[in-house]
Each structure stands twice: as structure tokens, then as C-alpha cells.
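Same chain, two partners: chain A is paired with chain B first, then with chain C.
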Partner chain A sequence: MDHVLNKIIVLPPPAVLAGWGIDPNRLTSELGRAAEVVTVSSWDQAANLAPPENSGVVLVGRAEPLPALKALQTTIDLASWTPWMAGPPHEKALALITAALAEVSLGRKATFRRIVPEKKVLVWGRGPAAEKTTAALLGAGLEVILLGGAPDFSPEPAWSGRFTSLPQARFQGLKGFPGRFTVFLSSDDGSRELSVGAVVLCGVDAGSTRDPAAGPGGAGRPGFKLAFTAGLEQAATSGDMGRIMTAAAAAARETDNAVFILAPHVKVAGPGLERLYTAAREAGVVFLRTPDGGPRTATTPDGRTEFRFFDGAARADIRLAPDFLVPDEPRKPDSTLSEAAGLMNLTLGEDGYLAPDNTLFLPAATNRRGILALGPARGTFSADVLDREIGSAAGEIGRLLTPVEIQDNRLVNDPGRCAICLTCVRTCPVGALDYVERPVADPLACVECGLCAAECPGDALQLEGFTDPQIKARLRILLERPRTKDDFIPRLVLFGCRRSAFPALAAAPTPETPVDLVPIPLPCAGKIEQDLVFSAFLQGADGVMVVSCHHDNCRTHQGSRDAARRGRHLKMLLEKAGFEPARLSFFTLAPNMGVEFQRATVEFKDRIKELGPSPLSGGGS
Partner chain B sequence: MTEINLDHADPKFKDEVAALRGAERIKLCYACGVCSARCPVGEINSGFDPRRIIRLIVLGLREEVLAGPWPWICSTCFTCQETCPQGVKFTEVMFAIKNMAARAGHFPPGLSAQPDLLRAKGRLYEISDFENQKRAELDLPPLEEAPAHFEIILRDFHLKSGGGD
Partner chain C sequence: MSGVINHPNKLELMCMKTEILIMGAGTAGLTAAVRLAERGVAALVIERDFFPGGLGAQLACKAVDECRKCNACLVGDAAGEFTRAGLEVLTGAKVTGLEPEGGGYKVRVAREPVFLDSARCLECGLCLEKCPEAGRALRKSPLGQARPGYALDPAYCLHFQGLECRACRDACPTGAIDLAARGREEIHEVRGIIAAPGGRPFDPALKPRLGYGRVPGVVTALELEQALLREGGAAGLTRGKSPGRIAFIQCVGSRDKSLGRDYCSRICCGYALRLAHRLAGLQPEVKIAMFYMDIQTFGRGFDRQYQEVKNRVELIHGIPGEILAAEGGSVLVPFLNEASGRKESREFDLVTLSQGIQPPDDPVWDLLGFPRDEDGFLKSCPEKGLFAAGTAAGPMDLAEAKADAEAAASRLLKHLGRGF
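After this line comes the complex of A and B, so read on.
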């Protein structure tokens, strides 16, 4: 086994340790038996340590690893964690360091691989978005294959050597990893395979809507009502809203018409739109908000369509029967998007575009690295937003298609346990796993969430830093700590997402009543397994908390939901086993929600205090 | 009034109001409601709703706004005006509406008593022998009615009342 052989503990200066209530000399002599102890005066000094190969380093007093330090690392955020643990400061620190040391001892030596991506991009789409993207990528020196584009499109002559157009070919599938995808296409003269580094989905742009008619002048007829709709059920895009407001404002200025715009929302996210909105209002355009699901409609005796809806500001129902109505065209995702999503395992947003409702998915990104979506494929129909998306995509592709030396054994599959069921391949939310003799995670695509390891029925997949033996070693050492004899202070295991729970804990105000947490960071809350929760209870935890990101903030868009689902299942199992399900708590929060973390944890602790020590804890001693 | 039929509204009304000094920005209101939220009169009388008044102006409900009681119970505290994010200056709008309403013959009955008193007596408070006697006791000169001063000021002021112009 190529486990780590050489262990190093890096401590901050003695004065800092003393400030945390720790005796530096005593700690050094206690730890010196198990590992080499190094005291540094700054983290820069620590980054410049050049530990021998096959070393594991424990950084005491840091929340994040040091990127410049080339070694396996684990960190202990002592200052943030110890206020949430019960017991004397020295004992707590020693326990945390011992647990971290056990974790690092079970770590695996890193192996590296050089990856040279293909400097070729497949652009799939037709219209201005696809054409501008093609031009941008060709200008960046890449080779571009345009699938499904307009037959008469050709880029600048200087770039034509790097451009291939396949207007009639059809997309059949994709395999592989970012930087080296294999794309399968078919056409009337047979099928072909292409090797590309990245794929950009641009959708099909049916051409911009004709500018809306301003309607008849209605001259001589006072009170002639002209109305525009900007989406009755689903609000018009900002680009379309801009065109509608321009036409409405012009009509209001140049005619005697009473001009209205009916919309559920007025989207002004785009250059100049806020000003245009103000100008339209000043010109006399009246904006009316239509309710969810659209207004009620009826027909007047003289044949006009009448809209009826409640207006909150007027506190009354409005009846508007325009003399001339200009309805807008709803935009819908084109059929290539759901086809692409199905063939490439891409997450679609609620509205059917390739932009999941997740704050972490930056412009042009999809859930899979190396596969991007912009323009109509994302629901973008305005030129300035499109330009920014193309810039963002070109930047990301430039970064991706650069040769790199990268560790390739962060996620390891044990062939002795693997049944080749391919559950992991189906589970991976970012498409980083594929089957090449056995499941393999691609280092360029993998985000180290551990969802595959959690789902693997055979426990064949292990993620470095969060393997089953590593997590269980931490749990065991921290749950073995002596308990306070006199008063019952509930011991709670915190399985927390490292992106939300632990930053929130670090930001949280110190609890006013004693709490005894066992902090166990997880790469994603989706890594939580029944095994870990049962293990915690069996070793005497009075309560278990699983804290994750909010569902739409989850980096994998799936892990937080998986954690919640497992939580519900676990509560059901605990109840059937005759164990109080209230001893298990699941909640979500954002990394800056320190106050909420404190409140939820203290409330949970108080509830556990009422329930009393766990029946499995040996009565609290 | 639970229903507003825009077939019977006057779209020119908002332009007339916007043409009056101080009320220029009325069309910019986007009904955020901060004015109504902070209005002290609205707190004790929920019928007084600045946001609603603006909305009725913009929708063109001329009679509803000018003939109603609402413009006259504004306390002119300026809280709405201070808080409006769009700079609508609602207190000025209320002044403008009060003027429009008065010109159209809508105003509370007690209001016309005041200019009538100014014209007749030159004061809002009637001076009698009792007041002058008290003043004499304090060695203060007597006060007289001086309607002439106000004739000039009130010359251009018209408030149609039962008592004539």
C-alpha cells in the first residue's frame, strides 16, 4: 500500500498556542512520539518547507490547505472549533491533532499525470450566437468545427484553415473528458468520430422578432388605448423588454394614445434598459403588473379583448380593454437543447434552458466542465449579454485547453470491491467518471464532492482526505474523548459541508451555553452515508447534525438534495429501530450564516438535553 | 371602489398633474409603497394611502381623486417625500391636487371660511373689546382690523364658496 509514511505536524508560534490555552512544550513532547513537530513563525514559512516525498502534513490553526506546499495536507481550524467543544483547552487541541494525524496516516501518496488537451472546439448551433462564438474561438487560435450552422456562413479567410462546417450532420453522442472528448456524429454519407477539447452549445436563434408595430395613431379619438404585452405568464426577456419599451415610448410621445405595458415583471438587466424604463414612464407609458398565471380575459360587446386583474397599488380590480393590442412572442427553448441535455447528461433549468438555477454556475458554464452553453441555449436573447457570455466561455476554454500536470489519484477505485455496476458513472453530477476497464475519475472534471463514493454499493470508491477509514478514524478518536461527569453536555457529531457549514461555524458567535461538538468536515453533504451516522450513534454520540448548503447553492446541484433525502430515510430507519429520530438533525445554510448556525446548533443541543443522554452512550460517562 | 374600468378613465389627467410645479415626477412612481408604509396618517386611517392616490392619478381617475376627502387630510409632514426612491415629491403632488380640486369646486366646507375672514377682518382671529382691554392692562397698544393689507394679497385668490367670491 502506498500510504503516507512520513508525518509532520506544523504548529504556530508558542505565544499563539498559549493564547489558545495550550502548553506548547507539553504538546510538543506529547506529539513528538507520533510525528515530527515543526514550529513556524508564519504560514509563508510553512509553505516553504520541503517535506520529503510520501509525507503527510497536519497544519494546526488553519482552515484551508496551503497550495504552495507540495504534500498531502489536512488542516485543523483550532481557534474556530475549540469554543464549540467541551473540556480543557489542552485536551481538546491534542484530540483534534491526534484525529488529524490518524487521517493523514491513512492518506495516499500522490501520483501525477500530464494532460495535453485537444485545441479543438465543437460549436453546435445556428444564428448570431453560434457565428460570433466560432469567430471568437478562431481568433483565439483554436480549431473550430461548427455543427448545424448556416450553410452559407464562413469566417474570415485567414482563419478558414482551422474551420470546418458540418451543417447537415447530426449529434449522436459524446464520451470522454474535458480536453479530450470524443464526439459521435452522423450524416447522410456515414458516421464519424471527432476528438475535441470542448463543446459549446449555442442553440438555434430563429432571428430576432420584428420590432413591434406602434399601432394606428388614433388621431382625433381621445382616450384611444394602445397596449403591449411583455409576457403574460412568463416575463419577456430583457432584450425583448427593451424593444417593447422603445416602441411604447415612441407611441406615447408621438400620438395621443394612452399607452400601457402589461407584464408580470419588468426585466431591465441590460445596458441602457433602466434609463429606457424611466424614459418610457416619463413619456407617459403606464406599466401594469399582471398576476402569476396571467390576467383573466373576456370580450367586450364591441369585440375588444378585456384584461382583468387585481392591482395592489390601486387596491382594486382593473379592467383594461385596449383598442389596439400588440402581443409579444413567447420565447421557448429549441428542441436541440433537451436532446443535448439527454445525450450529454446536462442539467436543464426549470424553464428548459441549459442554465441551472444555481448561483454557482457562472455564465456559459453547465454542470460539466468543458461543455458550455450560451446565447439562446441559455435563454439569452440580447446582444450585450451574449457578448459577455462569449468572453467568459472563451476565457474558460483557453484555461482548459492548456497542457497541465495534475494529481490523478484523488479518487481511487478498489478493483477487489468494484462490481462494475457503474452506479458511480450514473451518479456523478459533473460527468467526471467513465468506465475504462474500471471506473476512473478524470482529474480535470472531478470536483471532489464524494457523491460517487457515497453511492457506491461496494464502498469501492474512496476520495482522498475523506475515505471511510479516514472519517471513521477521526470519529473514533474524537468520540473516545472523556466526558464531563457532573453535568450532561450533549455530545453532537457535526457532519458539515466544507463549503457552508464550516465557514458558518467559523463566522458564528461563541455559544453562550456549553456545547460539545465533534467536527467532521465533508467535501459535500452528499457524501454523508448511513454508515457514518450509525457509526456516530454506536460510538456514543447523543445527537448527529448534518449541515449542507442550500439546495440551489450546492456546488454539485445534487449533493445537498441527496443529503436531505438520505436524512429522511435515516429518520425512518432510526424510528423503526426504536431510536429517537429527533436525535438526527438536517438543515441547510449559506457560508455567511454564522448567527443561524449558532442558533440552530444551540436549539438542537437544548432538545437533546431534554431527551437525555443517548441510550447507546453508556449513560454519559 | 373595487373595480376600475379604464374605458372611463382620463389618460390626460396624469399629464395635467405633472405639469404643475412640484408634481413633475409623478409618472416615475413604481409603487414600491414606502410612502404608504411611513405615512403617519395612514397608520391611523388605512384609507389614506399615498401610493394608491398616485396610482389613481396615473390611471386617470380624475373625479375619484379631486372630489374625494383624501387630499385634505394629508398632514404635510413630508415623510413620504423624504423617503421616495424615485423623487416623486408626494407632498407637493398633494398641494397640486388640492389646488386643482379647489379650482374644480371641491374642498372641505370649513376651508372657505378662512379667506372670507381675512377679507372681512384682515385676521384669522376676530379681535374684540375683550382682547384690547386685556392688552391695555399690560400697557400694550390696541390691535385693529386691517383688511386692506389682505385685499392686495387675496386679489388673485379665488375660492368659490357659498358666500360668493
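After this line comes the complex of A and C, so read on.
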């Protein structure tokens, strides 16, 4: 295997190191044997280093890698990390740099592949979302195949050469990866295969079958009561509220009918809706506030529905039996969504709409790159939100379908260890793994979370930067550091998600009592493995904390849950082995929770301090 | 953050010439810049403040155990992407003029004196250790994911008060601090502009009867967010003692024709319900009431959250007209009890005003030729290469601002002819 040949350590100027309590000359001589040491006075200078091909660089004193520096890089955020570590500053820095150097030395030479994606997109759905999406993608210059659209829909003639409508075809399946999916369709005259770069699921919105405009019109004897309901069964969307208010206002203006809208809340959180609300009231529409649990209903002798409730704002007991009732229709996921999810290995939310209900999947992402969901497919029924989803999706597709030179060996399978059990393929939360003689990750689809590597029973799959040897080297070097002699400061290993735990650490106020933390970043907390936790304890950690993103705020949606599940299992194992499970802590944090990171870490340290040194450590002596 | 990374494979970094001006480095501005860079379009991102991040960087996470989808973490994610794309923000900068030039614009950008040069700053923090006014004069960015990491505010710096202090300059090992720095003006030629100055929270002093600034214990929702973000609790707002009785007053500066705010600010019900959830999670015995007009839940899962919080929060229909100081230091809120029809009043330790969002008031937007909608928010004008994104284009939450910026970036690419 091609390992990194040249190792370079980039240090800030001696005065900075000295300011941090590090002896610059000693450090340079200590490190000079293992790698080339370069001192820079700005990060721009570091970015312009132009190291020889196949170099590995350790950037000391920086949180993020330098995109312009063409080399394997690892960063050490000394200023943020060292306040959380015990010992003299020089020695902490030396250990962190040595650990980073070990990581880089175990790094592999990058290989690249060029991918030229198919500039064709399959749009699946019917209604305004599907039609606007089709138009936006055609307008961006792509070729679009619309599946299941209205038979009479056709976009601007200028684009017709790039547009195909298949209103009757059925979706049978999909294989492949972003940029070059193969889609299988069938229709009465046979089946066909299509190559597409991306798929957009728009769901079905045929418009409400109970169109609020379809009232009784001008029909109205004096006192004729027309009522609309909005949100009695399910919270109305602001889009639906707008349609209802428009129809009610028109009825009030154009007829002599008494017009009512029954709603627990008037939803005006959308452009122009507050004005529409005012206009509807001015037109004579009476808004009645129903209780949150819904009004009681009864049937009058002549078969009308009567609503009975107390309207607090009007301070009146209302009994209303409209002559004509226009009930709003609760929105439901259409049946194509679960079908699509099943055929494409997509995650549905608990509500039955596509994509997990997770902030990091907004506005149009699903758990698979290159497959997007928007509009009714993800529970969006408001035009303003839909427009943003479509704009964002068009941008994402444009980016994805641009030819790219991409590294294809970030995830590597060792055939000698792979039992071809395909656990990895089943585990991958983003559908990035394929089996071609052995498991292979698609570089465009892979999000480098490492969940597959964590689950692999043979440790055959490894994610560059977070391979078992790399993480273990870091762990070993940092745990080998001498302990403080006088007082017992528990040594805690932090296995943390680099999206949440490490930004939280960097934002955290400095702890007021000494902490002896061993920082081990993970690509996602779901990369934590039993083996790593045991390694930490066996090498003398007094406590281990695993910090993940909050559930539903994990970029893979699965990693934080995987971590929590492993945590429960590990605690059980520790208990059975007669080792205090309280020495292991799993908790969740957001990247902007610096204060909470400090609080949780100090609390954990205090708990471990009470427990005393780990029976496996030589600490406290 | 550690972890070996290889060549930046997912981002084709080309030699880019500035083509676009992005005004504002909040969630929307940062996101738009990344999306453009990914397609080989360079943007100059300017920000009036000392640091990028905008309003989003001042908001607290509302999770107790599970994510509540407040989206406050998105700005940090956007900043991280921005930095990893090799981009930087020009802080302390604003546009002072522009003229059309060959299908684009010649923009005049004025920059406040930058006493701390981010190109030379290694973020070692040594200056902060020496600054006698650390935290005020010399500040660390609240957003660790993007540069600049530090800034010097002359309004608090002793040197600029006429004192002989050069502690930071003397401490800086890389000579990044220049106390004699001057402001400068730059001219940039751009083919389009994205306006993303962000939301302007309503100033509750415009509704004096609500007691803000006069009645102790009346705070804005933004102040509560900041307290939660910086201190992890609300005690700092109530003289160090955790408030046991908290009220939220909704629609402050929203749905108010008399103030010319004839719109719903969309985000306030969401943040207030989530703040209530967080406060209840921090302190189980806390009593929370919310005075409201209509609860504006929208989007997935939000109504379910409302149903959950409803069991924990007393919802009182109607917005109080005035807020008074009660004896003993608490806050008195008179209101109409709709069930009884009688006027009542209730005492609280902390009253939070859920301020709405106002349109941008800076005349620069009119100078640049941005059209406004009937509420005063900025509209895009694609034929002129002008695009508005984020909360300046209308009230929206952070996830929507991110989506809006992505949509604006993709429309702008089309305007530049960068389709396929």
C-alpha cells in the first residue's frame, strides 16, 4: 500500500509557541528527527508551501485544513484543546503533534477518478411541485423525464427537445450512484431502462378535491350560512389557509351569504397572509376561534352539521349549523412515497413523508445523494417554501452533475479481511456502497461517516483518517503521557463527533478545575467501536465519554442513534465484567453548546474523581 | 478538528475572479458563497460587523435531549463549509456606491480600519491574555468555524480612549495588530449582487407600554437566546437567580398595523415554543405562560412539538397591552381572562418579548436598486443581477434562509449563464 512519504510539520513562529508555554527550540529538535519542520508566520504562507507529491502535513494551531494546500493534512487546534489537558504545555503539544504525525504517517496516497455525470434528471410526481421542478431543471439546461405527470402538461416549447413525459409509466427500481443511476420503468407496452444523473421526488398534489372555491356560489336566500373549516383535524398549512381566506372573502363580497371560517388558529405565517386576513374580515368574513381540541359537533334534524363551542375572543357560546360547509382536507403523504422509499432504500420520516425529519436534510435532501425530495413528497404544501426547495434542488443537481475529479480511495476494503458478509452495504445510511467482487464505496455518494467501518465484523473496511491503526496510534500516544503526580485528576478519553463535540469544545469556556482530556475526533459518533472503548480503558483511561450530535441532528441521521445503542450495549458488557459502567458516558450536544460541553465534562470528571482511579490504570499513585 | 483529509476532492478550486458581491455573512450569505464557489464563481463576501455569523450566531440550541429543529446550529455548519472552501469574509465593510458597468456593476466598498489583520493572525490568543478590556475591546469570534477569529473594537479599546495601551500589539508575535490602521475604499467590478443582510429584530422600545428598558425583568427573546448560548441558563437576566415564573409575549412588532407591520414574522411562535421547551428542560419546576394571538406552526413535525409543549406551557389567548413593575421586583402582566371575561393580572420573574422581524432599513438597498415588497422586504430583480436572500427577503427561519440562499445562488448561476 502506498503510504505517505514526506512528512511535514507546520509550526507557528517561535514567539507564538513560547507564548503558549512551549519551548520552540526543543520542540523543533524533538520533532526534527521524525519529519521536516516548517515555521510559517501566516496561514497563507502555509497554503503556498507546495509540498512534494504524496506528502502528509500536520498543521499546528489550526482547526480546519487548508483547502489550497495540496497534501494530506491533519490539524491540531492547540489553543482550544490544551486547556482541557493536564500537564506542562510543552509536553501536551509534543504529544498532540506526535499523535498527529502518527496519523499522517499511516495515511495512504490518494488516487483520483474522473466522473462525468449524465445530464438527465428523472422527476417523479404530479402537480405544481413536479411541474415547477421540471421547468426549473429544463431552464438550467438539463434533460428531464417526467414520470407520472399530468398527461396534458407540457413545458415551454423551447425546451421540448429535452423533455419527455411518461404519465403512465410505473417506477420499478433504481440502481447505481449519483451522476449515473439506472432507472427501471414499466408500462403497458413493456419495460425500459433509463440512465439519469439524479432523481427528484415531488409527490402528488392534485389540488384539494374539496376546492374551497367550489362553494354554492351566489345561491343564497337571506341568512344562508356558508362556513369553511381550517385546521380542525390537522393544523392547516399557511398555503391552505390562504386559499380558504381568498375563497371566503370572495363569497362574502359576491353573495349575501353569511360567511364563516372556523379555525383554532389563523395561520398567517406566509407572505401577504396577514393582509389577506384583514381583507377577509373587511369583506365580512366572520372568523370563529374553535378550541384546540376541536369543536363538538351534532347533526340537526334536517341533516346539517352543527358546531358547538365557546369562542373566547367573542366570549360567546357558539352554535353554528352552516347551510353549506366547506371542510378543509387534512394533508396526507401519498402512496407513491412509501413505494419510492422501498424501491430506492430511502428513509421515511415517522409522518410518512420522505427524508428523515432532520434539520440537516433540509431543504430537499434525502438520505441518498442524487435523490431529492421536495414539495408534497416531504410534506411541503406552501408555494413560498416550495419555490425555495426547487431553487435549492436545482443548485444541488447542478453541482452534482458537474464533471469532477474525485478521490476514490477514502474508504478502502482489505480483501484479506473481508468475508463478503455485506454488513457494510446494509449499514450504509446513504446507500453509497456497492458490491463489485468486494464492497466498493462510490465517492460521489459517500459522506465519509465511517458507520460501515464501525459495523464491519472483520475490520476490513477502513475510512482514511480514521482507520483503526490511525485512531489507535493517537489513543496510545496520548494515553502514554505521564500522569500528574500529586493529585488525582481523572484521565478522560473524549471520542467526539467532529461536527458537534469538537466545535463545542472549541467554544467552551476554559474549565476552572483541571481536566485531563484525551481528544479523539471521529467523523461521526457512530464510528465508535467497542474495541476503541476497551482500548482506552486498557491503556489507563479513568473514564470514556462519547459525544454525538443530538438525535435528529446527525448528518447521517443514523450515527447518533448507533452511538447510543453501542453505549447501552457497552455499559452492559462492562457491568458483566465487573467494571464500573459509570466510567463510560454517552451524551449528545450541538456544535454551539460550548457551555454545556464544559458543564457535562466537568460533571463527568467529578463523578469519576469520586469513583477514584480506574482499576486498570496506574493513576493517582 | 483533527482527522487526516486529503486533497479537497469535492471542490474544484479554480482560479476564480470575483464576479459576485455578497452583502452579509450570516447563514444566507455564507451558504450562497459556498454554493457559488462550488460552481467556480468567486464572490466577495462583505459584512458590516466584526465577525461573520449574523443573527444565527447569537441563537442558542433548544435541544434538551433531542433536536427541536430550531436550526441554530446551521450557521456554524455553513461557516465550517465556507472555511473549508477556502473563503474569507471582508469584515467591517459596507457598500457606499455603485454604477452600472458593462452588464454588471462597479461597486465602491468602504472598509472600517481593521486593526487586527486576519491574514496575519494565527489565532494564538496571546493578545486576548494581555488586553485589559478583553472580551470588549479585543474579542474572540462567537463562531469558531470561520475567520476572522479575533477583532479589535475601538469603541472599547483603551488606546483609542487616549490611553497609552498597546498591550495587544506588543503581545502579537506575528505583527497582525496595527493600531494605526486606516480605513480604505476598494472598487470591485461584479456581475451580480446577493443582498443577505439578515433580519433586524423589532426594537421593543417602539412599544413603550410593554416596559422594555424600564421594567426590570422584561427582556427580548434575543437576550434570552444570548443568555442561554453564553451562560446555559436565564439566571443572568434576573439578577443571578433562576427565574421560576416566565412569560412569553408573542407578536411584539408583528401583525400590528399601527406600527406598519402588517405581517406575521413567522419565526416567533417557533422560537418561543422551543425556548419554553428548553427552559422547562433546564428547570423542571419552572412555570411558563405564553400570551398569543394564533399559534403559527408550519413545516413538518412542528405541530407535534406544539402539542407536546402545550402540556407544559399555559397558553393564554390575547396579547397584553402593558407590562408593569410589581412590588418585590417581579413583573406584573395584566390581561383579559377570556373564559371569565374579567381582567386579571399575573406576576412573573421574567417576561420575554417575542420580537418580530423588520425589513432592512439601510438606504443602501434602495441605492443599489433592490425593489421592495409591500411589507418593505427586499425582492430580487434577476434581469438586473440583483438577488435578495434570507431574512432580508422576508421573515424566515435559519433553515429557510439557508434554502433561500441556495435558491438565490442557483438563480444567479442561471443569470450568469452557468447552466449546462
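The criterion applied here is as follows: the second predicted complex is superposed on the first by the 513 of 621 C-alpha atoms of A that agree within 3 Å, B and C clash if a C-alpha of one lies under 4 Å from a C-alpha of the other, contacts with A are read in each partner's own complex, and residues count from 1 in each chain.
Basically, a residue touches a chain if its C-beta (ideal position, glycine included) is under 8 Å from a C-beta of that chain, and two chains touch if they have at least 3 such contacts.
Values in this document were obtained by computation on a predicted structure and should not be read as measured data.
Looking at the overlay, does A:Thr299 come into contact with chain B only (first), chain C only (second), both, or neither?
neither
Which chain makes contact with more of the residues of chain A, chain B or else chain C?
Counted on chain A, the partner with more touching residues turns out to be C.
Now for A:Ala313: first (chain B), second (chain C), both, or neither, which partner does it touch?
So A:Ala313 meets both chain B and chain C here.
May I ask you to decide whether A:Ala321 touches chain B, chain C, both, or neither, giving the answer as first, second, both or neither?
first
One more residue to check, A:Gln168. First (chain B), second (chain C), both or neither?
In the superposition, A:Gln168 contacts neither chain B nor chain C.
If we overlay the two complexes on their shared chain A, which of chain B and chain C does A:Ser29 touch? Say first, second, both or neither.
Once the two structures are laid over each other on A, A:Ser29 reaches no partner at all.
Let me test your reading of the model: by the given contact rule, A:Lys225 touches which partner, first (chain B), second (chain C), both or neither?
After superposing on A, A:Lys225 lies in contact with chain B but is clear of chain C.
Using the superposition on chain A described above, determine whether A:Val286 touches chain B (first), chain C (second), both, or neither.
first
One more residue to check, A:Thr278. First (chain B), second (chain C), both or neither?
Touch status of A:Thr278: both partners.
Contact-wise, after the overlay, does A:Ser195 reach chain B, chain C, both or neither (first, second, both, neither)?
neither
Using the superposition described at the top, list the residues of chain A that contact chain B and also contact chain C.
Residues 278, 312-313, 315 of chain A touch both chain B and chain C.
If you look only at chain B, which of its residues touch chain A in the complex?
It is residues 1-7, 9-12, 14-15, 27-28, 30-31, 33, 49, 51-52, 54-56, 58-60 of chain B that touch chain A.
If you look only at chain A, which of its residues touch chain C in the complex?
12-16, 18-20, 41-44, 47, 56, 61-68, 70-77, 79-80, 100, 103-104, 107, 110, 112, 119, 139-142, 234-235, 237-238, 265-275, 278, 289, 292, 310, 312-313, 315, 349, 351, 353, 357-360, 362-364, 378-380, 382, 384-385, 387-392, 394-396, 398-399, 401-402, 404-407, 410, 443, 464-466, 470, 474, 498-500, 502-503, 506-507, 519, 521, 523, 549-553, 588, 590-593, 595-596, 599
Going by the contact rule at the top, pick out the chain C residues touching chain A in the complex.
By the definition above, chain C touches chain A via 1-13, 35, 38-39, 59-61, 63, 65-67, 69, 71-74, 76-77, 80, 83-86, 119-120, 122-126, 142, 144-145, 171, 173-174, 229-232, 255, 257, 262-264, 266, 269, 294-301, 303, 306, 310, 317-318, 338-339, 341, 373-375, 394-395, 399-400, 402-404, 406-411, 413-414, 419-420.
Can you check the complex and tell me which residues of chain A touch chain B?
222-223, 225, 258, 278, 281-282, 284, 286-287, 311-321
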